[in-house]
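Presented sequentially are two complexes of chain A, the first with chain B as partner and the second with chain C.
Entry: the complex of A and B
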């Protein structure tokens, strides 16, 4: 009987497969990405390397010496204080303490301050508090401290915001009205994001992390890229990370463009070029995990997409890795075996510059 | 929207194949005028059921594939669906005389469970289901458990779609299922769960009939369960 190796499904379930089956799943995941993105698949050597990573005997794996990359944590400031409802560990601690623990105990290379709602829009009414906290963090910390939030255009549509919900309009076949609403929400979002970051730059923020760009489709990306462009113009030395929500920009509007390029339907290797053009310093490629597929399939797909983005990019790529992205299973606290394997693969095979 | 569940009815000779392709291409173009012109031209040259099944519906399936591949987008899906509806409408008279059956695929109540304000993914699923031919009642987000039951009764729904985007609200899907049982509706109503933290394993655990990874899969799973 052939030896079987432990790995996981995308939902975290433990499974056992032979080397041949694992390799076949890696190849299928790579092929899916290559087909969708019209990009090269991984070489046989790279797939073999991924197989070695997946079948390595230890519970955790790590990159080879010299291959280490910088790591940062989105919303890490509340990771300590937050409970399991928001991926935290429930230890009472201020955002300053949370950030300092990440800097001094967990070895984070950069950090970000984040609001509990973690979207730009709700920051507006509490901007003074965010400024004060940012200032205190900057006074106490050494590593670069950014401000992080999601563009989250969903908050601009009814019933949460002033613009008619394009989902409702679309279902009523009011297509041009839906597109108009998306455009208006995007323009409003640009103003909000720029205003918030102007305030935070005044108190010494090192920059901004746009987290989950495109979560609400192409309108979300339109707003983010234009906000990045405006901020770069106003703050030439500001550090800007453009992190994506998924591997594909969903076409909610369908015709929105940035600098002559249609945003809907862009894959990571195409997204990065626009992020770079807008003025981002780093780009966060993302590939969502399919919970019905194995981690071999998901890692193959994720690394293929990410590698193409790294190769197309002339700015550093810091891949988004975690719960349900980057080939890591969709679990509130993802298992360490899967996290370290996906991370090693994304660094050693895709060649990312950071995580 | 209309549905014709069968394949190439009556066989597909070359002339018919061209006819069907013209209809299919017109739907993929997402232009209502093109579809109307194509139907006008095709009328009477093949049974209406075949024109719809092998032409218009085949085009709509192609639109679904292109959406999944990031080549066509939500507005296009809706435009194509609208165009197809217009085409089917033009064939209504012939459908009656040829004995062709046409009907909605089924009635689906779709909503995001209580405590969860996420709307966009669920809205895309509703749109795609509607475009595929289901009668969809999207009851929004942060929906109280009882509202699902009330809407299911009101619309005599065949299926309920439950969305949740947070691990903290996932339990709400199970609460709806439990209330379906209490109301004696569980055997009659299929349950689909979705959203970022939902998985196949969760669907089994909470007693749902299926889990859908994305909007296209939601359409496929709904067809699987209801047809």
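Entry: the complex of A and C
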């Protein structure tokens, strides 16, 4: 009987496969990304390297000494005190305490402050509190401290926001009205994101992490890129990370452009060029995890997309490697064996500058 | 999960020199190799030492750029970041804000 190795499904379930089957899944994941993005697949050596990582005997694996990279964060200290049924662990602690725990206890390379809702829009009514907290964090911490939030254009549409829901308009075949609503929401979002970060830069923030750009489609990316451009113009020294929501920008509008490039349908190696043009310092490429596929398939796909982005980029790429992205299972408590294997593969094969 | 990434691939922040390398990526758009070369040169160490807690512990104390454990008298918070500014030759926003406050 052939030797079988344990790995994970995209939902985190433990499975066992032979080396031959694992390698076949890696190749299939790579081929899927290469086909969709019209990018090179991984070489045989790179696929063999990924196979070695997946079948390594230890529960935990790590990069070779000297290949370590800085780690950035999303959601920030909310993972400590968050207690609303999301990924927070509900420990009563201030965000300053949570941030200092990351710095002093967890060995975080960077940190970020985030509002409990983690979207830009709801920060506006509590901006003074965010400013005070950022100020106190900056006074006490040493590692780079960004402000993190999601552009989340979905909050700008009815029933949560002022603009008519483009989904409802499209269902009524009001396509041009839906496009107009997306454009207006995007323009409103730009004003909000710039205003919020002007306030936070004033009290000493190191910069901003735009988290999950494009989650609401091309309007979301349009707003984010224009906000980045405006902030870079006003604050030349500000740290700006542009982190994406998915490997493909969905064309909810379809015709929106940034600097002459249509946003709908862009893949990571194309997204990074616009983030760079807008003025981001670092870019976060993403590849979503397919829960019905194995971690071998998901890692092959993720590393292929990310490697193409890293090679196309001239700014550092910090790959998004949270729950349900980057080959990591879609689970709030992703198994450590799967996390460390995806982590090692994205650094050693895709060549990312950070995570 | 973030701890798993930090242990598998991270530079462990102030335990070593991860915060310094990250700052150069953000401040000057440096790719990982360039950022490590730059920081290693400033510290007078090899690139591999940037993730070595044994090497970096003494260097961080000597340069007074913040250490991860409680050491009485060592620079903390903005004071440590002001020393990082001098070491890396960069401006840090909160240090500028602090200087403007006391001016």
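Everything that follows uses one rule, which is that the second predicted complex is superposed on the first by the 353 of 355 C-alpha atoms of A that agree within 3 Å, B and C clash if a C-alpha of one lies under 4 Å from a C-alpha of the other, contacts with A are read in each partner's own complex, and residues count from 1 in each chain.
As a working rule, contacts are C-beta pairs under 8 Å (C-beta built on N, C-alpha and C of every residue); 3 or more make two chains touch, one makes a residue touch a chain.
Keep in mind the model is a prediction, meaning the values are calculated, not measured.
*Asks:* Quick one: chain B and chain C on chain A, clash or fit?
*Replies:* Fit - chain B and chain C, as placed by superposing on chain A, sit side by side.
*Asks:* May I ask you to decide whether A:353 touches chain B, chain C, both, or neither, giving the answer as first, second, both or neither?
*Replies:* second
*Asks:* Is A:43 touching anything from chain B or chain C once the two structures are fitted on A? First, second, both or neither.
*Replies:* In the superposition, A:43 contacts neither chain B nor chain C.
*Asks:* According to the contact criterion defined above, which of chain B and chain C contacts more residues of chain A?
*Replies:* C
*Asks:* Using the superposition on chain A described above, determine whether A:217 touches chain B (first), chain C (second), both, or neither.
*Replies:* Only chain B is touched by A:217; chain C is not.
*Asks:* Between chain B and chain C, whom does A:132 touch in the aligned arrangement: first, second, both, or neither?
*Replies:* It touches nothing on chain B or chain C.
*Asks:* One more residue to check, A:11. First (chain B), second (chain C), both or neither?
*Replies:* After superposing on A, A:11 lies in contact with chain B but is clear of chain C.
*Asks:* Quick one: is A:205 in contact with chain B, with chain C, with both, or with neither? Answer first, second, both or neither.
*Replies:* In the superposition, A:205 contacts chain C only.
*Asks:* How many degrees apart are chain B and chain C as seen from chain A, counting from C-alpha centres and rounding to the nearest 10?
*Replies:* Result: 180 degrees at the vertex chain A.
*Asks:* Considering only the touch criterion stated at the top, classify A:290 as touching first (chain B), second (chain C), both, or neither.
*Replies:* So A:290 only meets chain B here.
*Asks:* Scan A:66 for contacts with chain B and chain C and give back first, second, both or neither.
*Replies:* second
*Asks:* With the two complexes overlaid on chain A, what is the closest approach of chain B to chain C, counting only CA atoms, in Å?
*Replies:* Superposed model gives a least chain B-chain C C-alpha distance of 16 Å.
*Asks:* Please output the residues of chain C touching chain A within their complex, sorted ascending.
*Replies:* On the chain C side, the touching residues are 1-15, 18-19, 21-23, 25-27, 29-32, 35, 47-48, 50-51, 65-66, 68-69, 76-78, 80-81, 84, 91-94, 96-98.
*Asks:* So in the complex, which bits of chain B are touching chain A?
*Replies:* Contacts found on chain B: 69-76, 78-79, 82, 117-120, 122-124, 126-127, 130, 136, 138, 140, 167-168, 196-202, 211, 213.
*Asks:* Contact residues on chain A for chain C in the complex?
*Replies:* 60-63, 65-73, 79, 102-104, 106-110, 138-144, 201-207, 237-239, 241, 281-282, 314-316, 321-323, 328, 333-334, 336, 339-340, 343-344, 346-347, 352-355
*Asks:* Hey, which residues of chain A end up touching chain B in the complex?
*Replies:* 9-13, 36, 84-86, 154, 157, 159-160, 165-168, 170-171, 173, 175, 178-179, 215-218, 248-255, 264-267, 290-292, 324, 330, 332
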